[in-house]
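Two complexes come next, and they have one chain in common, chain A, joined by chain B in the first and chain C in the second.
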Partner chain A sequence: MEIIIYGITNSVTLVLMTLGFSLTFGISGLANFAHGAFYLLGGILTWVFMNELGIPYLLSALLSIFIVGLFGFFLYWGLMLRLRGLAINEVIATLATAVVIIEVLRYLGFSGFTYVLPEFIKGSIQIGKSWVDYQRILLVAIGIALIIFLFLFTHRTKIGLSFRAISQNERTAISLGIDSDWTAALSLSFGSALAVIAGLVILPLGSIDTQIGYDILISALAVGIVGGLESVPGILVASLILGFGQIVVATFIKAQWQTVVTLAAIVVILAVKPSGIFGKYKELEERV
Partner chain B sequence: MADEVILKVENLTKRFGGIIAVDQVSFELKQGEFLGLIGPNGSGKTTLINLITGFVKPTSGRIYYRNMEITHCPPYQIACLGIARSFQMVRAFHKIPAYKNLIVPLYSPRVRKLSGGKYGERDDMAIDLLDDFGFERDSFVPYKPAGSLPHGYLKRLDLARCMALRPELLILDELFSGMTMSEVSATLPLIEKFNREGLTIIMVEHRLKELFRVANRVIVLNFGRKIADGPPREAMSQKEVQRAYLGTETEG
Partner chain C sequence: MLEIKNLMVFFENALALNDLSINVKQGEIVSALGSNSAGKTTLMNTISGLIIDMKIKEERRGGERITLMGEIWYEGEEILFMKPSHRIRKGIALSRERHPIFPDSDVEENLRISTYLRKDSEIKKSFEFVYSIFPPLRGLKQRKAGFCSGGEQQMLSIGMALMTHPKLLLLDEPLLGLSPAMQNSLIEAIKKIREEGITIFITEQFARPLLPIVDRGYIIENGMLTLTGTGQELRENPEVRATFMGI
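Let's look at the complex of A and B:
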């Protein structure tokens, strides 16, 4: 029973961590290596707004989502616009951004037990024989709600339509009057905002440590590689595999072996199906 | 209105490294004209189209659309001004149903300004429009993912997508390549009809017989230079054109 409960919450946690990264990549082909840094930045901004400036929680949360979203938007216009199409430069630029954000926050000392975000509802509930805190249940609910919201957003709104058009055929979309740079900037902004939302939901389960800026990026990359970077069903399946895999290993073997599951999954997938479980089949292109 | 100049190209030049793809090309296009753009492979036809639609920026020269300079406009803005284009290779939104492909142009700021209409109506507008292009509304064809349709349908989907943008200038890059004879003869009257209704068209085409049935003017390119401009028969009878096509010394 415990395995099922913690498997599910762990899987949804992974989904939340990956959604923003995959949204940006799926739409504009931009691998945002600053994803984890944005997750961390969002959490710390919220903490600062609440504890240093005395702003109420909800407002602080919305404010940090907005600020980091804006930051993503200007990261595109200021930096990525000049590098578009050069994949390795994109990676270097976003990774450099990540290192700057994370290390500055580390220098300012935002780590440790004082830096805790509030849970949405305190307390826990008994399911079968095991206790689960409300935060983890909310986390699952919010994860599912976010997936449904994103689906409706991309399928039912004009911006969503331009997202899908750009992702499926950029040149045709441009010839029909869609501004690809504007769309890509929006996608990076939305992806960054999603990173903050994930942080707000997940961070209350522990205290904030600047190291998570890197850990989140690695988790998102792992899920993305296993599932196929641009595929939402892929992310769901990969999160379930990795989420349950980690919990099973932690329960029956040792907690330290959790990370091995992630790494082993990456190696196996890269050897067997490099595009990921649900990714586009790119093998021919890659080998020619 | 009829004689208004819709497109003016002045000394347009594009170099790719040491190669001159388009070399000092100038011409004017009047409202309602049907221009055929022809020339041997690699003569710069597609580059010229990419320059006009903003996908490639010229090395020198200017482009005017209705007396407004568009030389440095990004492609999406040029599309919004009413210049629609198809691509040589089929470029559909392959994952979504064929009719949904038209929702993208139907949602563009340009069409919204021209027609208004509410959300739910756009599906019907798209299905109506596709019906004219041989995607019968009662069959399963318009509802299948575009990627699963045969090539001839995709070519017509490209054309329908251009028309959904309500263009004033339509640029077609080898629309007929890969189409069967019967598909061509079904599509040709449609294009002719659009032209009769006042749409200005530029058409790059290798199937000269079909092109000359509809075009009333032809520009011939060779090595990026304009070597002939005029009614099809006159243009084709020029010596330089015949040399370029039959290849006495240069063409392999």
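Let's look at the complex of A and C:
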């Protein structure tokens, strides 16, 4: 029972961590290695707004989502514009951005037990023999809601349809009047905002440590590589495999072995089907 | 309606189009015939503005240098360096070579995506218009475009161009890779589109099914104009018959 509950919450956590990264990559082919840094930045911004400036939680959260989203938007126009399509350069540029953000935050000392984001609802509930806090249940609910929202967004709205168009055939999309730069910038912006949303949901479960900026990136990459980066079903399946794998290993062997599961999965997938379980594009092998 | 004057296009130092002058009048079907590598697709990309987008992106990353010279006049306005989206708003729509549609979207979604720039309330009418010109598409609404046959994808590609509500429709090799029966039904569809008042400019290498419906035609070889005439004149020209009709 415990394994099922924690397996599910752990899987949804992985889904949340990966969604933004995968959205950006799936639409514009940009590998945003600053994803983890945005996750961290969003969490810390929210904390600063609440505790240093005294802004209420909801407003702080929305403000950080907006600011980081805007940052992603201008990161495209300022830096990625000239690099788009040059995979290695994209990775170097976004990774450099990530290192700058994370190390500046580390220098400013945003680590440790003082830096905690509030839970949405305090308390926990007993399911079977184990106690589950409400935050984890909310996390699952928000994860599912977000996937449904993204599906509707990309299938029903004009911007969403332009995302789908650019991801399928960029030049045809341009020949129909869709601006590829504008769409790519928006995709980076949405991906960054999703990273912050993930942070706001997941971070209350522990305290903020600047190291997570790198950890999140690795988790997102692992899920992406196993499932196929641009594929939403791939991400869901990969999250379930890795999520349950980690919990099973942590329960029956040792918690420290969790990372081994992730890394082993990456190695196996890269050896057997390098574009991921549901991946279509061969480029992926060259990108990551 | 469309007047191209002394158009030259270079990719680096290679000359793709050499001193082309073409004009298309309101309501006509005009065709540019040429074999492979004659410069047909470059011509279409230049009229639709796709080449401007390619040029900007190549310049950004320091890639291939694309140089354009000459003039393109559309409805009294010089558009040679205009962005593709602006040209679509002014009524120029392109159906690209080899019908590149959005394979993971269903047919209806493909058409819906094509209305991206439109804000008017007549989008529903355009759907009806496309389905009336290509009746098979109506039954395929929910089918993934990638699973449609080549002919169906070609219809969809032209339908997508029509969804932008064009005044000038550019068709880049619409008959390529289609069966003779499919070619004939596409020719009928093109006639119907013209009857709706849409001007059509086609590049093609299959002259035989196309020339009977063409008002005027241009023959392009290696990026240069070698012959012009009405559809009738071209059909009777022995060189055209030998090169493009296999007679």
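The rule is short, and it goes like this: the second predicted complex is superposed on the first by the 281 of 288 C-alpha atoms of A that agree within 3 Å, B and C clash if a C-alpha of one lies under 4 Å from a C-alpha of the other, contacts with A are read in each partner's own complex, and residues count from 1 in each chain.
Basically, a contact is a pair of C-beta atoms (placed from the backbone, for glycine too) under 8 Å apart; a residue touches a chain by one contact, two chains touch by 3 or more.
Remember, it's a predicted structure, so these values are computed and weren't measured experimentally.
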Side-by-side fit of chain B and chain C on chain A, or clash: clash
Per-residue touch tally on chain A - higher for chain B or for chain C: C
Touching partner for A:Lys158 - first (chain B), second (chain C), both, neither: both
First (chain B), second (chain C), both or neither touched by A:Gly177: both
Touched partner set for A:Gln168, first chain B, second chain C, both or neither: both
Which superposed partner A:Leu150 touches (first chain B, second chain C, both, neither): neither
Which of chain B and chain C A:Gly85 touches, first, second, both or neither: second
Partner chain in contact with A:Leu205 - chain B first, chain C second, else both or neither: neither
Partner chain in contact with A:Ala250 - chain B first, chain C second, else both or neither: neither
Doubly contacted chain A residues - partners chain C and chain B: 158, 161-162, 164-165, 168-169, 171-180
In the complex with chain C, residue positions of chain A that touch it: 81-86, 155, 158, 161-162, 164-165, 168-169, 171-180
Chain A partner contacts - residues on chain B that touch it in the complex: 53, 55, 74-77, 79-80, 84-85, 87, 91-96, 103-105, 107-110, 161, 165
Residue ranges of chain C in contact with chain A within the complex: 48, 50, 53, 57, 60-61, 84-85, 88-89, 94, 96, 100-105, 109, 112-114, 116-117, 160, 164
For the chain A and chain B complex, residues of the former touching the latter: 158, 161-162, 164-165, 168-169, 171-180
